[in-house]
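Here the structure comes first, spelled out in structure tokens, and everything after it is commentary.
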Amino acid sequence: MTTESAASSRRSVPLGRKVTEDLLYIGYQALALEAGVRTLARSGELDPTLAGFRIDVRSTVIARAMRQLPGGRGDLCFPGPLSPGPSLAFGATPLEFLRHAARRGTSAAATRSGGLTWTEYGRGLFGWGGAGGVMTQVLAGAALAFRQRGEDRAALVFEKCSAVESGGWHEGINLAGTLVAPLIVVLVAGSMGCGTRATGVDKVARSYGIGLTEVGDEPHDDLFRKIRLARAGAVDGGGPMLIHLKARSGEDRWAGHNDFAAWAVREGGFSRGDRSAIARAAVAGVDHAVDRIGKEPGPDPDDALAPVFTECDSERPWTRREPPHPHMAAGAAVEVANAR
Amino acid sequence: MTTESAASSRRSVPLGRKVTEDLLYIGYQALALEAGVRTLARSGELDPTLAGFRIDVRSTVIARAMRQLPGGRGDLCFPGPLSPGPSLAFGATPLEFLRHAARRGTSAAATRSGGLTWTEYGRGLFGWGGAGGVMTQVLAGAALAFRQRGEDRAALVFEKCSAVESGGWHEGINLAGTLVAPLIVVLVAGSMGCGTRATGVDKVARSYGIGLTEVGDEPHDDLFRKIRLARAGAVDGGGPMLIHLKARSGEDRWAGHNDFAAWAVREGGFSRGDRSAIARAAVAGVDHAVDRIGKEPGPDPDDALAPVFTECDSERPWTRREPPHPHMAAGAAVEVANAR
Amino acid sequence: MPAELPEHVARTRNGQPATVLEAISEALWEEMERDDRVFLMGEDIGAYGGAFKVTRGFLEHFGPSRVVDTPIAEGGFTGAAAGAAHMGLRPVVEMQFMDFISPAYDVLTNYIATSLYRGSGPLPLVVRGPVGGGNRGGPFHSQNVEMAFFHTPGLKIVYPSNPRDAKGLLKSAMRDDNPVIFEEHKGLYRAPFCREVLPPDDYVIPLGRARTALEGENITIVTYGLMVHRSLEAAAELARDGIRAEVIDLRTLLPLDEDAIAASVTKTGKLLIVHEDTRTGGIAGEIAIRMNERAFEWLDGPILRVTAIDSPVPFSGELEDYFLPSTQDVVTAARYLVEY
Amino acid sequence: MPAELPEHVARTRNGQPATVLEAISEALWEEMERDDRVFLMGEDIGAYGGAFKVTRGFLEHFGPSRVVDTPIAEGGFTGAAAGAAHMGLRPVVEMQFMDFISPAYDVLTNYIATSLYRGSGPLPLVVRGPVGGGNRGGPFHSQNVEMAFFHTPGLKIVYPSNPRDAKGLLKSAMRDDNPVIFEEHKGLYRAPFCREVLPPDDYVIPLGRARTALEGENITIVTYGLMVHRSLEAAAELARDGIRAEVIDLRTLLPLDEDAIAASVTKTGKLLIVHEDTRTGGIAGEIAIRMNERAFEWLDGPILRVTAIDSPVPFSGELEDYFLPSTQDVVTAARYLVEY
């Protein structure tokens, strides 16, 4: 699917009331959460490197355009460098995100794993796993599983655009192409990194024979429709789709959401009062999270360090710190079992 | 450089008498050596998997179009899956090739290393080093060194077309592109391997913004001119160049060489007698090699297993097979030196 | 119906002796019949049946969605296998030669091994393929890969020495919820000395449990893979002098069955470790320190090892034989230790 | 002229104490001034000055052909560095975090480590970068990487513990004709307890030689990197009870200075190995078996180890502290062993 056909899709995908409400709510959540994270970072409550933290609100729309179902039956999303945007759209709460940002909280995995993404299959969320490009491979495999079982599911992965520099990313996208897997890869224009000779994401898409959707400053109702179409193409046998999330041309990073909020009142059937109520509810949730995060205790190592192997018992046999091994005292009987 | 501009180069690069003679000689060598290897494989003298051994004679022309200078001052070549074609063009003898094919011979490295390529910097030859795609990275680095020192040298690498499936290859080509390194990559159409979604080598070249030359069934004088132009482009600041060595459309794998041999008499200033003499000399050299290879002894482990670290002494301290260590007998004094 | 089975997966059903290769093919086939979540990925495993023909006939029987031919991209398809495993499938990945697992080193150690720990759930996945020297494969087609992964918490490593174990261990590996590296020695694949009629039932051999291949009192030889056979040969020679060696076949390298080793060492007081892999940083070290921790008081002599020398695997036959540990090396070391 | 030098490479010239980071910067700067074949490659090492600012000011002084910003492609640029080294340059590759060396695992172990052996000549190349835990970096920014490479013949591994050694060892590594992995602990980079005025001359510290950090008679503690400081702290505590520990700082891990270890063990009769890296498959094993081979008769107790636990590096501070070996762990183990 090219940019042109996506643009002409405007009339073909109607935005229902639920979607409009969700997009408004998540957008306001993101706006408030960005401010909250910055405040917490400046006050020392979060890592100081988060003091300039930004959320690209377009990622909430892209993620909300996926098929979301409870119980891990819908699409799968790796929010990558744009978390929490897509995480919020997949039902994560601001407090959950802050727990990850603060390296603590109620989830053992949160305290072990790190990064601003985490796995929660029930909601379709996937956590980070290392080198740039690897998540494209992993989500390609997930998408392969969907295709093999004939499910109406897609896998969505956000990568920094420098992923194109890494061979791992090429292997992932080529594999998804070869296996016609319903994988949607969002390449996010960034700022650091030396760059690549492959300047044109469009040429990369063409070299793999896969569809491309370019995203710029468009209002979010348009954006939503574009992504819906790309997803449909991927799931209906089109194989992987590339979404190029370009750097914004305008100054106002929230213009797309604000235009959309205006559209909601103008054409979407919402009153100004509805819209304000949605905004207030979103902000209240973020306020609660910001307030609560400082009060939560850190993890207890004995509880939180879960076994590395699935069948490890609670004794954690991999904890071999204590030198005085019980069997080491001279003369002690050694009880052993020998197989076969 | 596109195919079109290469084709129009016909008149711009004249073939001298030396080049014509070389191309004839190396081509006849390749023809005879192919037959020789097959015979040796069938007789059990070489690995039986070589019984269907083939040489793509076009690779001799591509390699001969490079800049060849003695003492390791010319272009560098990794002959890859098309060895010995390019090796012969870089001055290797049929006997040297057969020694490698037979896993024995006078060079210690030959007996240690394996594969049908080997390193001899003096002639500009480079040996194989493992996974597909890696040699593109390594030769990209060599080319970078040439560019940084302002030398008129290029690096030539032959890869199976499946290299495009491997991330390592993409990293190599992207790096060469970013650093504008004079690297010439020949992608050889093959038969095994599952393939890639990136079917068009042309599209891959375009996605990296690098030049492409396509090679088919053309007579070898044309082929030579094409490659010369590509090389000139790479060395004159054009950065990496891709050469797509396509599957032949005709039946006769030696047609390009035979057409060229005809051209040599028709337009190249050679008599039929000259041509026959060249062919006879080439065949005699191969005959000698085929005859000799069976008579050479295998290597002596003590001589041939050279140290792994450069400063290892001849005692090879890494040879730790003997369990009865001299220091192990009780009471023996341990002489040690301790630094700082 | 046995009649329509490829013969190499029907040995047991037909009551015939099976080789290690056939035992592995049977395990794959039977598990694929038993559990439709199991699927295979690898280079040329489908139409071509695999480089060693382990999966010959699988594509025809199970179809292309369960026997997936991949591009030549070990990192990419191993990453994709992980994604499919997350979604409930149970992938078995073939490395054409295990040497080519190294491009997948990143995804295996950083992504796959840490998945459970990071909260992305259990990751049932087997990576299997041929290892080992003695086949004149040279440095890139002869390696043992256990020590590349032995240091990584979250992986299991299995290395069978005979058909019965190979089948039972591979079935266990495929039913295990953890990622397992499964090493198959090429020298055992079709070895005439290593054929046996397998139990007709659906048996498994538990992971993490060593096997006493030979009982004895004078010295413990701990080994695995092809070296089990060398060690048994050595034990037979030692027995002629009245030395009774106990030979322990580790079968699983990670987790290591230190109970079994300790039980034997506390009986014999002497420990010799034999591995085909190179010396420095080999598994003998970990066994040595564990026995220091567990059984120091029982040691009546130093813990010694017989291994390959610290060098890449040589290509030529003479050098490779010199490089590999031999039966005679085991005899010499064992004698020294018994007399200590 | 010191006036125009960036201050972090001018500490020694100005007679000021240097941190480990500054010592490393000085070594790089001075070697680049001394030898114009030396050049640097890495992600954002140029304009940005490197993630830890080791190369701040280098681009301005040495220019873009000697300070090469690369795409995010560790395998590709390490392979290219190898090619440049073949052609006579002396590349120093920075991994932004050493955890990201794993995509280069294939090219380092298969290509680079085997080059000399395969007949492609010495391969002078340094791969350096930050390692180690305690910085709340989580599983992907905290690893020690020595055991990924310790098993590979042909590589050297260096891991300094203080500014003086860091500078002298890095210079040796850069002048060595073998590929060297150089690990820099983040916890030492700017540590206030680890600053010293460096010798003003162009000194080097030879590779492969350990250093006695503290002399003692009762127990040998073999360690390296940040753990040297923990071990010295432990030794100070032990000294209060009259226990005199000898602390050996390995400095180079491969090749291992077994002479130095054996000399100490034959004096003290007790050996404790302390490493920050995880337990199973750690370097303690190789040291243990070498001392069995060399010094068994002198051992008056089991060889023991204090290490991190077998788990990925946890993200949360509480868990990471629990995971890492502590000074108290060293004291406990040493006391146990002395009393044994």
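Residue numbering begins at 1 within each chain, and the chains themselves are lettered A, B, C and D in the order written.
As a convention for this text, a contact is a pair of C-beta atoms (placed from the backbone, for glycine too) under 8 Å apart; a residue touches a chain by one contact, two chains touch by 3 or more.
Owing to the predicted nature of the structure, the values given are computational and were not obtained by experimental measurement.
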Chain pair showing more contacts of the two, B-C and B-D: B-D
Relative to subunit A, chain with the most remote C-alpha centre: B
Between subunit A and subunit D, centroid-to-centroid distance (C-alpha), Å: 36
Where subunit A and subunit C are represented by their mean Cα positions, the distance between them in whole Å: 38
Set of subunit A residues in contact with two or more other chains: 110, 112-113, 130-131, 165-168, 170-171, 174, 178, 194-196, 308, 318, 323, 328
Shared-contact residues (touching 2 or more other chains) in subunit D: 70-71, 73, 75-76, 99, 102-103, 106, 110, 114, 117-118, 139-140, 153-154, 280, 293, 296, 302, 304-305, 310-312
Residue ranges of subunit B touching subunit D (in the complex, touch as defined): 76, 107-110, 112-113, 118-119, 121, 126-127, 129-131, 134, 137-146, 148, 155, 167-168, 170-172, 174-176, 178-179, 306-311, 317-318, 323, 325, 327-328, 330-331, 334-340
Complex contacts: residues of subunit D adjacent to subunit B: 39, 65, 68, 70-71, 73, 75-89, 91, 106-107, 110-111, 114-122, 153-154, 156, 177-178, 205-206, 209-212, 251, 255, 257, 259-260, 262-263, 266, 293-297
Footprint of subunit A on subunit D - complex, ascending: 43-44, 46, 48, 69-73, 75-76, 99-100, 102-103, 136-141, 272, 279-280, 302, 304-307, 309-312, 314-319, 322-323, 325, 329, 332-333, 336-337
Subunit D partner contacts - residues on subunit A that touch it in the complex: 103-104, 110-115, 128, 130-132, 162-163, 165-168, 192-196, 298-301, 304-305, 308, 316, 318-324, 328
Subunit C-touching residues of subunit D, taken from the complex the two chains share: 75, 99, 102-103, 105-106, 109-110, 113-114, 117-118, 139-140, 147-148, 150-154, 254, 256, 273, 277-278, 280-289, 292-293, 296, 301-305, 310-312
